[in-house]
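Below you'll find the structures, each written out as C-alpha cells.
Next come two complexes built around chain A: one with chain B, the other with chain C.
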Partner chain A sequence: MRMFMKLKRLLKIKILIIFILTYFSFNNTAISSSFYEEQTINITKNLRCLICQGQTIHESNSDFAESMKKYIKGELENGKTNDEVFSSLTKKYGQWIVYDPGISRNTLLLWSLPLLLFLIGGVIIAKKIFRKI
Partner chain B sequence: MGDNNIFTDFRVQTLVEEKTINFEKFLSGKNFYLINIWSSWCEPCRDESDKLLELKNDTTIMMIGINYKDKKKNALNFLKLYGNPFEEIFVDKQGTISINFGAYGVPETFLINNDNKVLKKYIGPLNDEDVYEIKKITKN
Partner chain C sequence: MIISQLGYYSLIFGLLTSIFIFFNSSVQIKRNDTVISSKTTGLIGFQFFFVFISFISLIYSFIISDFSNETVYSNSHTTKPLFYKITGTWGNHEGSLLLWLLVLTGVLLGFIFKSRNEPSNYRRLTILFHQIIIIGFFVFVLKTSNPFNEIFPVQTEGLGLNPILQDPALGIHPPILYLGYVGTSIIFSAALASMISNYVNKSWAKNIKFWILFSWIFLTGGILLGSIWAYYELGWGGFWFWDPVENVSLMPWLSLTALLHCIVTLEKRELFKKWTIVLCIITFALSMVGTFLVRSGILNSVHTFANDPSRGIYILTFLLVLVLLSFVIFTIYEKKNFIQKSEIFPLSKETAVLINNWFILYFLSVVLIGTIYPIFLDVIMDEQISVGPPFYNKLILPFLIPFVLFMSIGPSMRWIKTNFKIGLKNFLIIFFTLIFSFITIYFIGKKNVFLLLLFVGFFYLLLKSLDQLRQRTKNFAQILSHSGFSLLLISILLNSFSSNETIKNIQVGESFVLKNEKIIFKKIAVEKEKNYESIIGFFEVLDEKNKIINLRPEIRIYNEPEMATSEASIKTTLFKDRFITINMIKDQNFFNVRYQQKPFMIWIWISTLIIMLGGLFAIFKKNKEFNI
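Let's turn to the complex of A and B:
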C-alpha cells in the first residue's frame, strides 16, 4: 500500500513537471515569435515600399510588401541583426529603400549639408553685424 | 559577394518533383543563367512566353523559372498552354526568394554569368529588344 502511494506521488510530480515544461516551452515560443514580429515592424517602418506611393513596407499590403515582411522575419529568425537586414536590403534595392538612411560615406554630404548651410549663414550674418558695429 | 552579385546560397523546391535542393549547386555547367520570375495569374507573363521560348534555343544559357505565389496546378496548366522554356522551375510560395534576388514582382528577369554577377535585370515582360540584347551579350 505504501509502495502504491509512493508511486502515485511520483506520478503526480512527473505530471506537474511535464505541465510546467510544456507551459514554459509554449510561452517561450510565443515570446520569441512576438519579438521577431516586433523587430520586423520596427524595420519595415523604416523601409520604403518601392512599388507604392508614399507608403512604408509596414503600411502597405501590396504583394511586394507582404513578401518583404516575410523575408525580414525569416532573416531575423535565422539570427541576422537589424543592421545586417538593412545592409542586405540596401545591397539588393539601393539606399533609396531606406527612409532614414543613417550616416555612411554615401550619405555624409546629405547629413552634413544642413549644418554646413547653417554655419555659412551664421558667418554671413556675423560679418554683417560686425561690419555695422 | 559583390554589390552586383546575386545571392544564391539558399534552399529551393522544384515545381514538378517537389525536391528541395541548394540553388547555388544548381548553377553550374553554363556560361549564363536566365532567371525568370513568373506566375500563371500574371497577364504580362503570357506576353513574354514566346520571347523566353526563343531564348531557350541559346545553348550558352540555362533557363531557370521561379514560380511566384502560384498554385502548382495552375502553373503546370500555364506551361502546357504557353510552352515550357525552363530547364528547371523552382517554387516561391512566399515571395521571399524573389526578394532575395532583389526583385519587385512579376514578371522580372535576371541574366547572370557563372560568377553569379547580374549582367542585366529586366523589370516587366521581355520584348524583342531585350531578347536581342541578351543574345548579343551571350554571343560575346
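Let's turn to the complex of A and C:
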C-alpha cells in the first residue's frame, strides 16, 4: 500500500513536470519571417561549411555557405521541419556536414564510452570510500 | 645569413650538450654521487643558452627579413610591421617548435634553481628524464623541422604571414600557451624521478606544486588569449567552438586542474600517491598528443601550418616511447615504493578531492574521445563524422550541475573527518540562490527547467564561495578561483542564451532593426596602410535610449599574401558587447552586415582572469600554507 502511495505521488510529480514543460514550450506560436531567420541560424550553426576550414555555415561568408543559407531558409518557408532539412542534407553530403553526430551504429561508442568511464570511476571511488575497516 | 648559420650551429651544440648531460648524469647516478656538481648546473645553463641564441638568431633573421632563410621567406614580408615580424617567428611550424625547445630547456633550468634543497638523487633523475625529452625534441627540430634551412637563389621578397595571425593577442598567445603546455614536461620528469628515488611524499608535493601551478596559470592565460582572438578576429562572435585545436589545449588544463587538487592532498595527507603520479604522466602525454594532432596535419584548422606525415609519425613514436617508459617504471616501482596506509572517511576533504577528480576526468574523457574518435572512425571504417558543440553540450552540461554542487561544499569539508552542521546560514544561501536563479531565468525569457537547474548550481557555487570569503581561516586563492569559475559558467550561460544576431545584405544609407536597436549604415571609406588596404564601414547604432554608438568594421585586403580579412568592430560595456562585421558581396553594391548583441561578454574574460589570479595567489603566498 505504501509503495502504491509513493508511486502515485511520483506520478503526480511527473504530470506536473510534463505540464510545466508543455506550458513553457508552447508559449509563443506566432510564426513571423524572423522566425524562419532564427531557425535558419539554428540549423546553420550545426552545419559544417564544407569548403572552409573548421567553420560552420552560419559563420562563413563563402559562396557555398551563402547559397546554403538561402536554400535552407527556402526549405523552411516551404513548410519543411528542421529534422527534414537535416536528413535531406545528410543524405546529400553525408554525416560529415552535421556537427551533431547523433546516435547510430558508428557513433554508439562515441556516446557510451565517456559515460561508461564515468560509471567505472564511480565504482572505484565508492569502493575506496566505503571500504570496511 | 651568418646569423642564421649561427642559429643552426647553436642548435647542434645544444644537442651535443644534452647528450653529454645525459651520459654524465647516468654515470653520476650509478656512482651515487651525493651532490649535483656545479658543472652539471652549468651545462644545463649552457644548454638553455644555446637554444636561446638559436631562438634570438631566428628572431633577428625575421627582423632583418633575411630571405636566404626558408622559414623567414615562407612566413614574412618586408612591408610587415616590426611587431608582426617578431611574432611571425613563432607563427609557423619550425619557429614554434624552436619555442617548444626553448621552454623545454628553460623549465629544467628553473627546476634546478627551485629544487636546491631536494635530495640530489631525485634531482639527478629528473635531469636524466628531462634530457630524454630534450634530446627527442632536438632531433625532431633538426631532422624534420629545421628553422634555418637555406634557399638558393636568395629571394628578394617573402611570402608573408597569414593576415589573421597578424594580431596582438595572437602574437603573444603561443609563448604564453607554450609556457603552460611545455611546463608540464618538468612535472612528468619529476614524477618519474620521484617514483624511482622513493620520494613521493609531502616534500615532493611541495616542490612540484610550484610547477603544477606555473603550468596551470600559463595554460589558462594561453587559452584565454586564444579565445579572445577567436572572438574578435574570426568574425563570428564566438569564443569557443569545441574545435580539435581548442580541445587539445583544454585537455592538459583539465588534467592539470585535477592534479592540482591531488597534489595538495598528497602534501597534507600523503594520500593518492599512485594516482598523482598517473596524473602527472597523463598530463604531459596529453600535451604531446596535442602537439601530435596539431603538427601532424591530421586536423584541419588555422593551426595546421604544414602537412607533413613524417613529423606526425616522429612525434607519435616518441610519445609512445615516453608512455611505455613511464609505464615500465610505474609497474616496477609501484609495488616497491607505494604502501597504502590510511583509509578515507566518506565525509572528508579527501572524498571531495576524489569526487573532483572523478568529474574532471569524466569531462576530460568526453573531450578526448570527442576529439580522436572521428579520426579513428575515418581510418577504420572510412566514414567521416563531425563531432561539434551539440555532442559536448549534451555530455557535459548535465554533469555540471552535480559537479558544481560538490564544488560548493567541498572546500568547507575538513581533512580526515567532517562534522556537518546545517545552520540558518545555509538556508539563507539556498534561498538567495533560488531568488537569483529565478530572476535570471525571468530576464532571459527562456523558461526551461534544465536551464534553471544549471543557474541554481552556478549561483549556489558563487554564493558559497563568497560566503567562505568572510571566514578568515579559509584559503583566499582557492576562493578566488572557485568564484571565478562560477562567474565564468554564469556568464557563458547568460551569453549563449540571450545573444541576438542578424545578418542583412544592405547598401550605404540603409538601416535595419534588432531588438530595440536601430543600425544605420552611414558611409564607406577607403584607407591605405603599410601592408593592407582597408574598406571601413561607418555604422551608427541607436540604442533603446536613442543614444548613438559608432561602430567601424573593416574589410582589409592584405597585399602579401593577397587575402581579404574582415575586422570586427566591437563596443564593450559591462552588460553587453555590440559586435559588427561587414563583408563584400561579389559584383554588387550590397554589403553583408552581421550585427550581434552579446551580453556579459566581458565577464567571460574577467572571470577567467579571476581564475588565473587565484593560481597566482597560491604561488606567491609563501608563508601561509596553500589549501584547497
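Note that the second predicted complex is superposed on the first by the 85 of 133 C-alpha atoms of A that agree within 3 Å, B and C clash if a C-alpha of one lies under 4 Å from a C-alpha of the other, contacts with A are read in each partner's own complex, and residues count from 1 in each chain.
We adopt the following convention: a residue touches a chain if its C-beta (ideal position, glycine included) is under 8 Å from a C-beta of that chain, and two chains touch if they have at least 3 such contacts.
Since this is a predicted model, take the numbers as computed values, not measurements.
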First, second, both or neither for A:37, with chain B first and chain C second: second
Touched partner set for A:111, first chain B, second chain C, both or neither: second
Touched partner set for A:80, first chain B, second chain C, both or neither: neither
Which superposed partner A:129 touches (first chain B, second chain C, both, neither): second
Touching partner for A:67 - first (chain B), second (chain C), both, neither: first
Which superposed partner A:50 touches (first chain B, second chain C, both, neither): first
Per-residue touch tally on chain A - higher for chain B or for chain C: C
First, second, both or neither for A:91, with chain B first and chain C second: first
Shared contact residues on chain A - chain B and chain C: 63, 66
Chain A-facing residues of chain C, complex: 234-236, 238, 241, 243-244, 299-302, 343-346, 351, 354-355, 358, 361-362, 365-366, 369-370, 373, 377, 381, 383-391, 395, 399, 447-449, 501-503, 566, 583, 586, 592
Contact footprint of chain C on chain A as seen in their complex: 17, 20-21, 24, 27, 37, 41, 46, 48, 53-56, 58-59, 61, 63, 66, 69, 94-101, 106-107, 109-111, 113-115, 117-118, 121-122, 125, 128-131, 133
List of chain B residues in touch with chain A within their complex: 3, 7, 69, 94-96, 98-102, 104-105
Chain B-touching residues of chain A, taken from the complex the two chains share: 50-51, 63-64, 66-68, 70-71, 74, 88, 91-93
